[in-house]
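After this come two complexes, each holding subunit A, first together with subunit B and then together with subunit C.
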Partner chain A sequence: MDVTNIARISRHDVVEGAKSIYSLILLIALWELITQAGLIHYYFLPPLSDVLIEGYELTVSGEMIQASLLTLKRAFLGLLIATVLGVPIGILIARNRFVGWFFDPIITIGYPVPIISLIPVFMLWFGIGDVSKIILVGVGTFWPIAINARNSARAVNQNLIWSARMMGTPKRNLVWKVVVPDAAPGVLTGIQIALPLSLIITFVFEMVAGGGGLGHLEIQGVRSFTSTQTYATLIAIMLIGFVLDGTLRKIRRRLLRWA
Partner chain B sequence: MNEGRVIASNVEKVYRSERTPTTAIEDLSFEVGDGEFFSVVGPSGCGKSTLLYLIAGFLDVTSGMITVNDHAVEGPGTDRGVVFQDYALFPWKTVMGNVTYGLAENGVPKDERRETAQHFIDTMGLDGFEDTYPKELSGGMKQRVGLARTLAYDPKILLMDEPFGALDQPLREALQDNLLDIWRELGKTVVFITHDVEEAVYLSERVLIMTRHPGTRKQVIDIDLDRTQDREAIITSEEFTETKNEVWRSLREETKHTV
Partner chain C sequence: MSYLHSEKAGIVSTGVRHVGDVVVRWLPLLIVTGLWELASGWVVVETVLPPPLDVLIIAVDLVVSGQIVGDLLVSLWRIIWGLSLAIGVGVVLGVTMARVDPIEDFFGVFMSLIYPLPKTALVPLAVLWLGSGSGTAILVVFLACLLPIVLNSYNAAESVDQNLVWSAKMMGTSDRDMFRRVVVPAAIPEIITGIRQAVPIAFVALVSAELIAANRGIGYRILSYGQLGIYESMLAVIVVISLAAYVGVRGFERIERRVLVWT
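Right, the complex of A and B next:
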């Protein structure tokens, strides 16, 4: 954001901004008030100010940043694998009968499996290291990505395909020229759905199996009776989710100006 | 030699996609001469769109034959251009991108593409909207883009499926006259589908009236109007009214059974 813009923020903007988040401000104030008054045991819910101080200390010590990077790396690599495999497979399922016959039953069976229930199996097979976590994220986020790609490629307007054909596009180029761009909004929706899922899978795996990361840091707080650490990590997780979701939305708006 | 003759001989089209096969067109024969403006009217569901898609090569005839310049139609080709009722523009391309598409697919160099496209964009009164995406255009503008993109790659035969059906009267009249000018100037063959009797009579040299479902040839009526006159003179002339009534009565015999 450039400086002149910041300078031009008016009172009206401030009032409007406050209106849009007043419920949050209220909740935060309530949190601080109730805890400072000692209405809730410190261990269950420490005051927000203590949580923020803890968060600050964890940040300057590097612990929080390291944990965040670890979690982000696992979630992101898993998501990347799922996207690279899921988008082309989803589109091929829609465009090719044989690929469809092969993968449709797999998706029907695979999609409803609560992916978290596979954590013990993955620990058996791949251990508790990064690889195990990344693969689980990949498997878990593959379904929504592939299904959204498949459904939007199936829904491609027949008249658009015919339009391309009449203007001279050979059949073999239809996927690139028509199917992929027409399906792009749906494909991106799939990735947007998969993003929080990739974080959830990573957190839970880290909580169960350790090995660092935000999930590990959060549950460590409970186990060592420092609930400020648990809450500080929770806030970090929320912030990361919020920023990533916002980034994806921004990318979507930039990429799909036409939609 | 690039001529635009269309001959349909005993065409039958059966859709087999559903559980019970639907005969859309039955034993339909007619000829459209090179450079002729030929309209098709008929009750809803009688197979007009089907007929157009058969000529375009999007669908295959079940029996009988359609030839374009004595060659049996075997798929889409750039000698024919369809103007769709729902426009079927590529939403991810700008007006310029849509109009240049056919030229690009046929290997026309870049600056020549833009020049040709610009000419038809101007002809259609779309100058200033080159960089606009379809979603930001009104229905009438989209239809003009649809016409411009089809004219740009210069098909000999224009196949138009109720192109002005969704437009209001003044816009429809303007585009009709626009189309007549283009037809005269460029010497295209036009197969024009409409449910508007007045439109059919005003525009065309001959009108094919189809029976109700399953569609076949009911009658072909010659239209003999003094085309040197302007719209008002034509529309208020006795010949026009007479021909219109003749087409209307013929069509009416088919529709009154269904209602």
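Right, the complex of A and C next:
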């Protein structure tokens, strides 16, 4: 996207762009109009302008940024633990018969457990602090990461392995030199699935147990009857989700040049 | 590999070998539960980590005595409602978005706005509108399941073989019939994949809503047992809901295979 490209935006692009967002503009205008006219109770739907002002104030006071950092810290640390454990275990399940024998039934049983339902258990075991939240995120995101790593390591083309063997790759280098690069796209897919899951778990834990963070900030708005805070936090969460999604796609393209 | 098996089959009868296979396959699980059983009482206090056998007995007891049946039914009712609404709205929206441009222009931007949003962030909004109760849980399940269904239906209808559409048109199918007769049947396998993806999401959404704002249901029961300090029962309810989710997902996979015999 260099300057010459921007200069050459055609009329067609403008029309297409307008077509794809006109409904959003319409909705925003309708939202503002209905709420300003008082057609809907303020608590249920405050005017967007009030929500944006609230969001601005929360950001300036540092509350929103602090909550975001807290939530992201919990989600990312949990995700990191799950990746560090899940990727090697998943690949080993596919490549090593003993590890596969041990973990396959555990995954069959563990994966369908709705991980959110373990929140009260983790409150009992590890308390309501950061550690408890991080471990639950780690446990919850372990499954998709390990399963995707396992499935993509299983799907590695056997011809690649035979060729590498024939060309003299020693057995202990096989995983690192052949299996991992070939399975990498699938492994990344697992992490991509796990990222929103990590936030989903963190939000609910924060709503149930408190302790700061975006989930807490959002539900606090409901409980203290300041719905502008709930809406403002929701918009912030949406923005964060947008940025994370885009970043992950970019990382994927950069990392997987060979795929 | 296979000749080894046939050799063994000659010595040991197939029935015994089958049982042996099952035991070997599930042995790791037995080991883990055994370690848990040992740890409880020895390493950790029994109230914090109740023995698995006790938990299982209580789980069976809760269901048989009917104590949990009411909550289980309420939760299933909410899931069925939320999921059905999501299927109804999602399939229609996805298919029409793929085939009718103005509708895609209208709804596309909302879909791309909701897409990166972690869906449990919508729970407070649902509570704000509907308070605590079934309405909130149904709304959360609906919203969480909507997107995978819309996306899969959209992709399915978009990638319907254009030759099919042309052939049908040539043979006199009207535009109105095209949907019902050509696009939808061709898209059904992928639509069902979308619904299958939505089933586990529905359970997560349900439990989230019930933990945060409910006075009945499985999620509420888990939380209240935890707060009362009856930890065996809390774990037992988790076993029950996990089993329900497992049966739900597996059952749907079976239906999928049965329905989609032509693929």
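A few points about this structure:
Just so it is clear, the second predicted complex is superposed on the first by the 236 of 259 C-alpha atoms of A that agree within 3 Å, B and C clash if a C-alpha of one lies under 4 Å from a C-alpha of the other, contacts with A are read in each partner's own complex, and residues count from 1 in each chain.
Just so it is clear, a contact is a pair of C-beta atoms (placed from the backbone, for glycine too) under 8 Å apart; a residue touches a chain by one contact, two chains touch by 3 or more.
These figures come from a predicted structure and were not determined experimentally.
By the touch criterion stated above, A:R257 is placed in contact with subunit B alone, subunit C being left untouched. When both complexes are overlaid on chain A, the residue A:I109 reaches subunit C alone and has no touch with subunit B. Once the two structures are superposed, subunit B and subunit C can be ranked by residues of subunit A touched, with C on top.
Of the two partner chains, subunit C is the only one touched by A:S20; subunit B is not. Once the two complexes are overlaid on the shared chain, A:D182 sits against subunit B while remaining clear of subunit C.
When the two complexes are overlaid on their common chain A, residue A:G168 makes contact with subunit B while staying clear of subunit C.
By the document's definition of touching, of the two partners only subunit C reaches A:V121; subunit B does not. Looking at the shared chain after the overlay, A:L39 reaches neither subunit B nor subunit C. The intersection of subunit A residues touching subunit B with those touching subunit C, taken from the two complexes, is empty. Residues of subunit A that touch subunit B in their complex: 157, 159-160, 162-169, 178, 181-182, 184, 257-259.
By the touch rule above, subunit C contacts subunit A in their complex via residues 24-26, 28-29, 32, 48-49, 105-110, 113, 115-125, 127-129, 200, 203-204, 206-208, 211-212, 218-219, 222-223, 225-227, 231, 234-235, 238, 241-242, 245-246, 249. Interface residues of subunit A, counted against subunit C in their complex, comprise 19-24, 27, 43-44, 101-106, 109, 112-121, 123-125, 196, 199-200, 203-204, 207-208, 214-215, 218-219, 221-222, 227, 230-231, 234, 237-238, 241-242, 244-245.
Across the interface of their complex, subunit A is touched by residues 53, 56-58, 75-78, 80-82, 84, 86, 88-94, 101-102, 105-106, 133-135, 149, 153, 155 of subunit B.
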